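Below, chain A partners chain B and then partners chain C, in two separate complexes.
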Partner chain A sequence: MKDLFAVVMLTGIYSLLTASLFLDLDAVDVAFTEASVGAGISTLLMLATLKLVGRFERHTRYKPALALGVVLVTGSLLVYGTLDMPHFGSADAPVHQHVAPRYLNDSMAEIGVPNVVTSVLASYRGYDTLGEILVVFTAGIGVISLLRVSRRTKKDSRKKVPVDMQQQIILRIVAKMMLPPILIFALYVQFHGDYGPGGGFQAGVIFAAGIILYTMLFGLSSGQRVFKPVVLELLSALGILLYAGVGVACLLLGGNFLEYNVLRHDPVHGQHLGILLVELGVGITVASVMITIFFKFTWRTVKHKYKNE
Partner chain B sequence: MNILGLYNYWIVVVLMMIGFYIVIAHENLIKKLVGLTIFQTSVFFFYISMGKISGATAPILDEKWQLYSNPLPHVLILTAIVVGIATTALGLALVVRIQEAYGSIEENEIQVQDYHDRMEGQLEAYGFRKKHVLSVQKLEE
Partner chain C sequence: MEILLDILSWIFLVTGSFFCLTGALGLFRFPDFFSRIHAASLTDTLGASLILIGLMFQAGWGIVLAKLIMILFFSIFAGMTASHAMAKAALKSGLQPLEFKGKNEQGQEGEQPSKP
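After this line comes the complex of A and B, so read on.
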C-alpha cells in the first residue's frame, strides 16, 4: 500500500478492535486506555507526521523473501515454545497463584477501593507507576528537544483559524458543543477511577484529546492561548512532583516512601487520599505531555508550510 | 491434553510476526513504526490473555461476583500503553527530523546518502582538497 494515509487510518481501526477485544478479556481499564490512546492520540500524531513527511510512499525495491524466512522460523519457534503453556482461561495457571489472590482478597480491607486495578496501580505498585510517569515525561522532553522551533516564527501563525478549516462551520460548531462534555468526562474518569474503570492515565489522555480537537479546528494560536507552552512544560513537571511529593510526605510522617497509610489517622482514609493525589499527578503529567507533543508537531507543520511558500 | 486450548498464544505469535515482518521488510520509516505498534499490541494481548479466567469478570470488587480476572497484567499493560504512545511520539519526531535532514524517509535512500557522505569524507582525508575532489557520483561513472 503506497498511501500512508490509508495505513494510518487502518492502524486506528486496528487499535479500536484491539480495545474491544481487551474489553472481552475483562480488562476494562486497559480497553479504555487503548481506545483513547491507540485510536485517538496515536492516529492524530501519525497524521501530523504525514503532513510533514508527505502522504505517499516512494517506489522502493522490495525483497520479502529473506524477511519472510526469518519471520517464519521465529514464529514456529515461538509456537513450539507455547506448547508447555497453561491453557487459555484456566484458573490454576501459575499467573494466578502468586500475588493476585492477595490483591483480590485483601485490597478491599487494606485500601478500600473497589477497582482492584486502581489500588494495584497507585498503591501496591506505586513505585512502578512513578517510573512509568517518568518515562512519559522523558519522552516528552525528547520530543520537545527534537522538534524545537525558534520563537521568531510566532508571527507567522497569526492566522486564527486554519485556512482549510474556515469552510467547515458545522464541524467547528459541533466540536465547540462537544468540547465541554469531553473535558467533564475526563474529570469524571479522573476522580471516579476508584470505583469504575478509569484513572489518571485515561483521564489525562481524554483531556488532551479534547484540547487537541479544539486546536485542530480553531488553529494552533487559539489553542496556545489557553495552554501556553511554558505552562504546559511546568505542569508536566508538576504532576511528577506531586506524585513524588506524596511519597516524600509519607516519609516525613514516619512511613515508607509512598506508604499512604500514615497520611491520615485511619489507614484506609490515608490510602484514599494518597491514591487521589497520585492519580491527579499522573493525570496532569500525561495530559500536559500529550498536548505538548501535539503542539510541537503542529507548530512544525505551520513553520514548514511558511518555509515552502 | 488438548492442544487447541493454546490458541490465544498462537494469535499472539501471528500478530507478533506480522509486526516483525513489517519492521524488517519495509523501507518506509512510518510503516516500520506501525509494525512496531502491532508488535507491541501482540505483547499486550499476551499479558491480558494470561490474566483471563473463564467465567470471571472484570476486577472491580462487588458482592455479586466471586471470581475475578487477574488484575496485575491489566496494571502492567495499562501503563505500558501510555508509555508506548510516548515512545511512538518520540519515534515520529525522529522521523520528522530525518525527513528534514535527508529529504526522504525510505531507509535505503538514507543509507545511500550516508555512503556517499562517508566516501567523500574519506577522499578528503586522503589529501584531496575539496575543490579538487571529484564527487563520488563521477567516480562511479
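After this line comes the complex of A and C, so read on.
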C-alpha cells in the first residue's frame, strides 16, 4: 500500500482490535494500555511523523517477493514453534505453575491491593517496570536531542494558531468541553489503579492525549504556555527520580531496593505507599515524555511551514 | 413497575439495534462518501445512545447508571464531532457530494445539512 496515511489508520484499527481481544481474555489492564498507547498516542505520533515526511511512499527498489518469502518462512517457523506449547488455557502450562499462583494467592496478604496486575507491575516486578520507564525516558531524550528547535523558529511561530484549525469551531468547542473530563479521567486512572484497571502508564498517556488534543486545536504556543519545554524535561526526569528514589529510600531504611515493606511500620501500608509513589513517577514521566515528543514533532512541522512561505 | 422498566428498556434496546443495523447497511449500500458518513454516524449516535439508554433502565440507581451516563455523554460528543470533522475534511480536500457533481459553481456551497 503506497498511501501511508491508510497504513497508519490500519495500524490503529489493528491496535483497537487487539485491545478488544485482550478485553475478551479478561486482561483489562493490558487492553487499556493497548487502547490508549497503541490505538491512541502511537497513531497520533505516526500521523505527526507523516506530516513531516509526506503522505505517500516513494518507489521501492527492493523486491517484494524476497520480503514475502522471508516473512512466510519466519512465520511458518513461529507457527511450528507454537505446536510445542501447552494448549490455550490448560491448567498445567508452565506460566500457571511458576510464580503466578503465589501472585494470585498471596498478593492480597502481602501487598493488600485488590488489582493483582498493579501489585505485580509495581511491587513484585518493580525492577522490570523501572526498566520500562527508563526506556520511555531514553526515547524522550533521543527525540529531544534529534529534533532540535532553533530560537528563530520559536520566535516566528509565537502566538500563531494554525489557520486551518481556526475555522474548526465545532472541534474547538467540543475539545474545550472534553478537556476537563479527560484530564480528570487521567487522574482517576492514575490513583484508582490499585483498585481497578489502570495505572501510571495509561494515566500518563491519557493525560498527554488531552494536552495534545488541546495543542492541535489551539496552536503550539497556547499549549506551551501551560507546559513549558523546560518544565516538561525536568518533569520527565523527576518521575524517574521519584521511582528510583523510592527504591533508594527502601535501601536506606534497611530493606532491599524497591522493597516497600520498610517504608512504614506496617508492611502492607508500606506497600501501598510505595506503589502509589512509584505509579505517580511512572505517570509523570510517561505524560511529560509523550507531550515533549509531540511538541518536538510539531515544532518541526512549524519550521517547515514557515520555511516554505 | 419492574415490567414497565423492562418493556421500556427493551423498546430502547431494539430501536438502538435497529439503527445500528441500518447504519451498517447504509455504510455498504450508500453511493458516496457523505451519505456513508451519515449512515456511519447513525450507528455512533442514535444506535449507541439508544442502547445505552436501554441499559440504563436495566441498571437501576447506582454507580453503573452514573458510568453509563458518562459513556453516553462521551460517545455522543465524540461520535458527532468525529463525523463532522471527517465530512469537513473531505469537503475541504475537494470531494464533492454526489448531487453537486458536475455543477461546479454550486459545489462550493455544497455543505449538506448533515443530520447525524
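Simple rule for what comes next: the second predicted complex is superposed on the first by the 303 of 309 C-alpha atoms of A that agree within 3 Å, B and C clash if a C-alpha of one lies under 4 Å from a C-alpha of the other, contacts with A are read in each partner's own complex, and residues count from 1 in each chain.
Everything below uses one rule, namely that a residue touches a chain if its C-beta (ideal position, glycine included) is under 8 Å from a C-beta of that chain, and two chains touch if they have at least 3 such contacts.
Since we're looking at a predicted model, the values are computed, not measured.
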item	value
Clash-or-fit label for the pair chain B, chain C on chain A	fit
Touching partner for A:215 - first (chain B), second (chain C), both, neither	neither
Which of chain B and chain C A:107 touches, first, second, both or neither	first
Chain B versus chain C as contact partner of A:123, first or second or both or neither	neither
First, second, both or neither for A:99, with chain B first and chain C second	first
Partner, of chain C and chain B, that touches more residues belonging to chain A	B
Which of chain B and chain C A:271 touches, first, second, both or neither	neither
A:298 touches, of chain B and chain C: first, second, both or neither?	neither
Chain B versus chain C as contact partner of A:190, first or second or both or neither	neither
Three-chain overlay, closest Cα atoms of chain B and chain C, distance in Å	18
Chain C-contacting residues of chain A that also contact chain B	none
Contact set on chain B toward chain A in their complex	2-3, 5-10, 13-14, 16-17, 20-21, 24-25, 27-28, 30-31, 33-34, 37-38, 41, 44-45, 48-54, 56-62, 67-90, 92-97, 99, 104-106, 108-109
Of all residues in chain A, those that touch chain C in their complex	164, 168, 170-171, 174, 177-178, 181
Residues of chain A that touch chain B when the two form their complex	4, 7-8, 11, 14-15, 18, 21-22, 25-30, 33-34, 37-38, 41-42, 45-46, 48-50, 52-54, 57-58, 60-64, 67-68, 70-72, 74-75, 78-79, 82-83, 85, 87-91, 93, 95-96, 99-100, 103-104, 107-108, 114-117, 120-121, 125, 128-129, 132, 135-136, 139-140, 142-143, 146-147, 195-197, 199, 201, 205, 286, 289-290, 293, 296-297, 300
For the chain C and chain A complex, residues of the former touching the latter	70, 74, 77-78, 81, 84-85, 88, 92
